[in-house]
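Shown below is the structure under consideration.
As written, the chains take the letters A, B, C, D and E, and residue 1 is the first residue of each chain.
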Amino acid sequence: MKISKKILITSALCLHALLAQAAIDPALLKPLAGEDPDARIAAVNQIAALANDDALKILNALNTDALYARPDGTVLIVDDTKAFNPATDQTLPTPDDADGISVNNRLRGVVEGALSGLKLFSPNRKLRIAAATDLMKTADPAQIPLISKALHKESDPEIQDILQQVIATANLHSPDAATRKAAVQTLAGSTNANIRPALQNLLNKNPDGSYIEADPAVRIEAVRTLGVLDRHLATVDFIGKVFYGISLGSVLLLAALGLAITFGLMGIINMAHGELLMIGAYTTYMCQLLFRQYFPAALDGYLLVALPAAFIVTAAVGIVLERLVLRWLYGRPLETLLCTWGISLILMQTVRSIFGAQNVEVANPSWMSGGVTVLGSLVLSYNRIVIIFFALFVVLAVWLILNKTRLGLFVRAVMQNRRMAACVGVSTGKIDMMTFGLGCGIAGLGGVALSQLGNVGPDLGQGYIVDSFMVVVLGGVGQLAGTVIAAFGLGEVNKFLEPMAGAVLAKIAILVFIIVFIQKRPQGLFALKGRSVE
Amino acid sequence: ADTIKIGILHSLSGTMAISETSLKDVALMTIDEINANGGVLGKKLEPVVVDPASNWPLFAEKARQLISQDKVSVVFGCWTSVSRKSVLPVFKELNSLLFYPVQYEGEELEKNVFYTGAAPNQQAIPATEYLMSKEGGGAKRFVLLGTDYVYPRTTNKILRAFLHSKGVKDSDIDEVYTPFGHSDYQTIVANIKKFSAGGKTAVISTINGDSNVPFYKELGNAGLKATDVPVVAFSVGEEELRGVDAKPLVGHLAAWNYFESVKNPVNTAFIKKWKAYALAKNLPNAATVVTNDPMEATYVGIYMWKQAVEKAKSTDTDKVIAAMAGQKFKAPSGYELEMDATNHHLHKPVMIGEIKADGQFNVVNKTKTTIRAQPWSPYIPGNEGKQKL
Amino acid sequence: MTTASMQISMAKTPLFTRPAWSGIIVCCVILALLPILNLAFPAGHALHISSYTVALVGKFMCYAMAALALDLVWGYTGILSLGHGVFFALGGYAHGMYLMRAIGRDGVYQSNLPDFMVFLDWKTYPWFWSLTDNFWYCMALVVLVPGVLAFVFGYFAFRSRIKGVYFSIITQAMTFAFMLLFFRNNTGFGGNNGFTDFKRILGYSITAPSTKAVLYLITLAFLLGALILCRWIVTSKLGRVLQAVRDSESRLMFIGYNPLWFKLFVWTLSAVLCGIAGALYVPQVGIINPSEMSPANSIEMVIWAAVGGRGSLVGPIIGAFSVNGLKSWFTGAFPDLWLYALGLIFILVTLFMPQGILGLAANLKNKLKSKPASQPQADASSKEAA
Amino acid sequence: MDTTHGAILYLENITVSFDGFKALNNLNLDISVGELRCIIGPNGAGKTTMMDVITGKTRPTAGTAFFGQSIDLTKLTEYDIAHAGIGRKFQRPTVFEQHTVFENLELAMKMGKRLTVRTTLFSRLSSEQIDKIDACLRLIRLNGNERRLAGLLSHGQKQWLEIGMLLMQEPQLLLLDEPVAGMSDAETARTAELLNELRGKHSIMVVEHDMGFVAEIAQQGKVTVLHEGSVLAAGKMSEVQADERVIEVYLGR
Amino acid sequence: MLNVDQLNQYYGSSHTLRGISLSLEKGKCLALLGRNGVGKTTLLKCLMGVLPSASGKIMLEGRDITSLKPHQRAALGIAYVPQGREIFARLSVEENLLMGMATKSGKQALLIKEEVYELFPVLKEMLQRRGGDLSGGQQQQLAIARALLAEPKLIILDEPTEGIQPSIIKDIGRVIRLLRERGNIGILLCEQYFDFARELADNFVVLSRGEVVAAGSHESMDDESVKRHLAV
């Protein structure tokens, strides 16, 4: 790590003097292809010190596995079929004997460090922020001159702030007590959890009983700053839990919503519900494959196509099942359990025969990868945020369909009294088909969401079926609002219990909670009261 | 009979199918290959495939069926420890042979079983040593993250003892467990992040099966990169990575005794055969099949058994067991593996790989020679001197 | 005469007719002969029954008993339990504790403690293992543990008037919670590996053919006993009260019955029977572990009962035998395709045999008896009644 | 049971409100031992709700309900109330549809003991009891149908069966909610006869809309008119029928 | 408009309707009489298509509807007030009424006619209450209102007065008379309340054990022979 920092300084200092194209000495490159780790690191540092375009290219290539070497030690930057030789500045077709240079974490760390040092002066604001944040991790007094320099040039207040904190963190180790004290004070405004250990360290004692921080004034300041920081962190922690709970809740909700229709409304104990989720997820996979194959440029948009596709595919599967099998079983709810269990076995095995027993790969589109850091240390990942909003959107749509349309009225009427609905002129067969199709289609949408969080395999549904039933029942069968509240409630309870009890006991506690809760409300959260229930 | 029957006892349905199906296919491929080269003792091998459906009592039933109804000479199968524990009494009672191809927690040694996967000292400990080394990032703090069942618990117990012996304090070790099928890692990842503020941290993951994908996805989205907090896993291999978008995982590690990316002629041939077989048999996703450690272990196991049968000139269980001792085989890992003369485990090399964006591994460290298995971990008290049958 | 003819066709048929009884007796005799044939004739003899078959049938009988227990609560009282696996497993664990103790020092660590405790560093048995080296104490546990759990759980649930799917789901939550609990190594029951590698029972080697035969015959006796017990209950007035609970619990209250105790009685009894089935299962199968408590296992039990025909006592037994028999056969014969076959059978059974296998048999018999009277309306009217 | 004050049922200031809607509003009513009381009143007046309160199905929001001097009905469960001696026929016939007619009657039959698991498990019908059921079957004219499932009966037959069950229960107080709805005139007359026979032996409360029937069974007894949850009028049938308010809200012109 | 010819129906092996024939003209009211359990409800269900008929023919305005499904018959203009009300218990009263117009389309299907509220004022007060919470008589009113809203050509009423207070029975009687007078609707009324039926019916049919044992016009309804069939 030491070397890398020195390089950082030198490289940064040289950066504004980016020299004109100068081919890199092959002797400098050769160790990169070698076996000796220390030599490679040294080479990276030397290359970084060049601080020119080629150096940047090479480091970037190294970081993205695009740097190749030939058996004779020639190093090439390979882009598909073309290879750029930094030693000669020539671009040639990739030779057959070129082999990728492997990078391990240590080397990658060095490369990234070098790159972020270079980036601190980049014109791109995002890159600068990232580089400054990166520096926070390694804040070291040796870096202070460099950072001060960057700070001097920096006009963006946000980045200035970060850099100031980096300096302050580094100054905690300053030999001058006043500087240390000032540093501690500066950090009082920080929201970064990472500085906590360093502050805490000031209060620790040496083995001989003396304080590590000799100056009591600094210690008092440290206690105060720690207090501020801890309060902030506690808030962040709380908000984090709330967010995680909502996020888990929205997953549960999406998993359960289709079931709330097929089971809650139609009374079909749909054990194949999980498999419908799975089909939705596999449809997403197929869409992604198609995009990869035919529209690689628009790959990020595959999800938008996957949503309608999954809805249509699962709804179609549902309609087929309903017409072929389930329509004979209305009024015999318990038989539907047996039947859909059989269907679930068949669907699973079908997927296994077509796609194999292994999971398939569904990648988050780039706009759903990563996350946004809020309040200093809380990362909210994009995919979770998207899914929360998606869940709310789907709920709203379902609610509108069921409560504000004539179709919804017919659906509810048929589910309550099939024979009478037919007598007033509702084609019950059609309504059954559409309702089941809708429920299944919504399960398919749930599957799309799940594919963004977990694995996509033939067993996907099995992991969600029990939870889905719990959510629907806890909310009160046939009560959409209940399902929503139950899902978010379970999510929150889970996420607040987990840090206390660990994931396993939290899960057990949740189950016990459900059992106890149902004692209090034997018809679920949103029980109907009165005569109409009988 | 003019054929020798071989039982294949891997789940083709249920939760374990995801891992075990390809082992069945590799076994069939190997048998085909042996048959094409004249079989064993002049007889063709005849595979008998059954599906124990990830159901442990069914494993015992199927084992009994294979041995007593189908009269197989040997069985290749099982993945989870509990499935092995479930069939053990049957193999003992009927005195038959099982080859078990998967890494496991050790603490077992049975006359009727040959273990061709890794014992903890052939996987977990070298991996931890690597993480602590300069090359591996010099980790000082460790999160031991696992699914709550026997293998992770035992492995972590061994690891904790090992870490203690290396001077790591309990306050620098965090042991976290999740239930089976856990899929929400938000809290855990947030906690890892918090924990890692206290010094260079590495995660040693014994998360089982399907839970890996959500864990890695969460990790990637939370912005924890391998250069910050490397994760080393003992049950993530090439096959598992087929189902993950590997780009966010680049740099995380796995420890095995074999990687597909190992370069040597035996491996090249092995991979080629496997790809050709997958295409010929029209396996699902045949175009993208990969090889992995348990597949290699299955392959090695079948060949070693063949050699032993030829040496013993019989398929009689006791004779084959005797002949197995010291069998050697040039394995796709590039090493000559040897069946230990006394403890029924293979001497294996240990390799550490970093995940690459294409789902393959970049082997960053491997032992010079093969290592003898210690099924009874010296880190568990009371195990001293318990290395033989 | 209209009314008279109605009376015959629509009256309830008695639970077991005379031929049914003779069928049951014949089945029992045949089942009892299996292990005897296994011991009496050497392998290869025409009359030899393989020990594999005997072991298989022994296992099925345990399943059948569980299905029977489930039928008592589901078929007759309308309480659908999706958590009977937990009672089965607890019975099994209770017996398993004894079997583990009976291993003595023959485990791999040659310790007094079971192997899993040794490598978890436990020095002594936790309190709930005390006295488990006594066979009879464990047998009492087999009955008491599932019984008490069911009683307590049922008492609160029935007192709160939890019904229908709400009840089903909390039983599912219960079994799921137990599964997670037993998965933990620290719970003290061997984690996910559970108990295995038993050596002896009451001093007899557990792998000896004669021990197995005896276990088998005991299982058969218990199954028959349970069947007779259940029949006695459902044909008594209590049985009719239970059915009334199923059909209209509230109406029953208005004529002075407190459904709580009736439900609690069958529920607990059913759990106990299930526990006994589990206890008989463990020594025959050689392993008990928490996967028995997985929700899917409990659902499978329900499926045996449904396939055989619920509310008929023998139906679930037939169902357990046929579903498991098919599963055993399919998994060996068509390892890649068996799920299709099994799934299809479940679908066909529901579509074409609403009353399960037993119902189909009864229907066929009726058809043969009264050919001219068979009308297309039969179907419609039955729907109407439902 | 303590009926020293002559009344078997007291309802005092009973109010039942459903989300603000008062189905019963300060209702006061009492019935003496052996009395046959007819209750009439418009649809939705709260007649059925009142029976729900008496039988424990609905808990009143306010007010007290006593059976005899000492039994507080608002504290008891449905089965305790039934056991204490109140039997009820519902407005919509409710019988055990999956049981035969005979079994329906058997289940309802008064056993003298509390109906527990043990007593039912070991109970065997004595020949007297069978005779009793037989007699009842003839009374409700379902003899010949005793082995049919109750669910297969027609609407009117179910009404009769439910009356039969009530009789088997031998309660001290019978609550009959529209016993002759769906019965033909001739059958209505028979039911009236039956009730007249029971008069005096049991206390009876009858709710009906069939004025002819009410007139026949009320004879000189008291008729109570409920309206909007409380008593609108009470008195002899002839008085009530002449009451302007009753004509206005109930009988019509 | 409605012609039933030799209709037979079985429950399992019991012959419930035995060769029933009857006919009803437009603008007329036909009363269906009979003791409990003779098959009146069964016949009406067959007409509505809820139960299949084994043999025989049902014609509506010259069209054979024997094999049509209930919702197709409803679309052809049959409305049904079943015995036991069959309210959609968890729909609000308003939604129940809207269901009555399920065969209509567009705006028409959303507008509940004031007429209905005039006839049954309680319904208006209780529009937002759940159907199942209503009292028995209120439910019966709701069921009748629901059928009227369909503006049918043929209305089938199964004991419509059951559980209804006398003043409203009178109102119902008035409505039926009104409908009859309009002349464009056929009314099939199954009724135990003899006086009520006699007042309204143009013709009558008496069933006994699934057979038509007497039939005739309004005048002959009081005949001894008819009364005998109705007596116990």
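We take it that a contact is a pair of C-beta atoms (placed from the backbone, for glycine too) under 8 Å apart; a residue touches a chain by one contact, two chains touch by 3 or more.
The model shown is predicted, which means the values in this text are computed figures rather than measured ones.
**Q** Could you run down the chains that neighbour chain C and chain E together?
**A** Both-contact set = A, D.
**Q** Need the central chain here, defined by C-alpha centroid distance to the all-chain C-alpha centroid.
**A** C
**Q** Which chain has its C-alpha centre farthest away from the C-alpha centre of chain C?
**A** Using the mean of the C-alpha atoms as each chain's centre, the farthest one from chain C is E.
**Q** I want to compare two interfaces, C-D and A-B. Which one has more contacting C-beta pairs?
**A** By number of C-beta pairs in contact, A-B is the larger.
**Q** In angstrom, rounded to a whole number, how far apart do the mean CA points of chain B and chain C lie?
**A** Taking the mean C-alpha position of each chain, the two centres sit 37 Å apart.
**Q** From the C-alpha centre of chain A to that of chain D, how far is it in Å?
**A** Chain A and chain D have C-alpha centres separated by 65 Å.
**Q** Could you tell me the distance, in whole angstrom, between the mean C-alpha positions of chain B and chain D?
**A** Taking the mean C-alpha position of each chain, the two centres sit 74 Å apart.
**Q** Counting only residues that touch at least 2 other chains, which ones in chain B make the list?
**A** 12-13, 148, 177, 179
**Q** Which residues of chain A are in contact with two or more other chains?
**A** 348-349, 353, 462, 504, 507, 530, 534
**Q** What positions in chain C touch 2 or more of the other chains?
**A** Counting only residues that touch two or more other chains, chain C contributes 6, 10, 180, 183-184, 250, 336, 339.
**Q** Help me check something: in the complex, which residues belonging to chain E touch chain A?
**A** Against chain A, chain E makes touches at 48-50, 69-71, 74-75, 79-80, 82, 86-91, 95, 98-100, 102-103, 109, 130-133, 146, 150.
**Q** For a test of understanding, state which residues of chain B touch chain A in their complex under the given definition.
**A** So the residues of chain B in touch with chain A come to 12-15, 17-18, 20-22, 134-137, 148, 176-179, 181-184, 186-188, 190-191, 193-194, 197-199, 210, 212-214, 217-218, 220-223, 226-228, 230, 239-240, 242-245, 247-248, 251, 253, 283-285, 354, 356-357, 362-364.
**Q** Hey, which residues of chain C end up touching chain A in the complex?
**A** Residue list for chain C touching chain A: 80, 153, 156-157, 160-163, 165-166, 169-170, 172-174, 176-177, 180-181, 183-184, 250, 295-296, 299, 302-303, 306-307, 336-337, 339-340, 342-347, 349-351, 354, 383, 386.
**Q** Name, in rising order, each residue of chain D that touches chain E in their complex.
**A** Those in contact with chain E are residues 18, 21, 41-45, 47-48, 91-92, 141, 152-157, 159-160, 178, 181-187, 190, 209-211, 249-253.
**Q** In their complex, what parts of chain D are in touch with chain C?
**A** The touching residues are 55, 57, 77-80, 82-83, 87-88, 94-100, 103, 106-108, 115-117, 120-123, 144-145, 147-149, 151-152, 165, 169.
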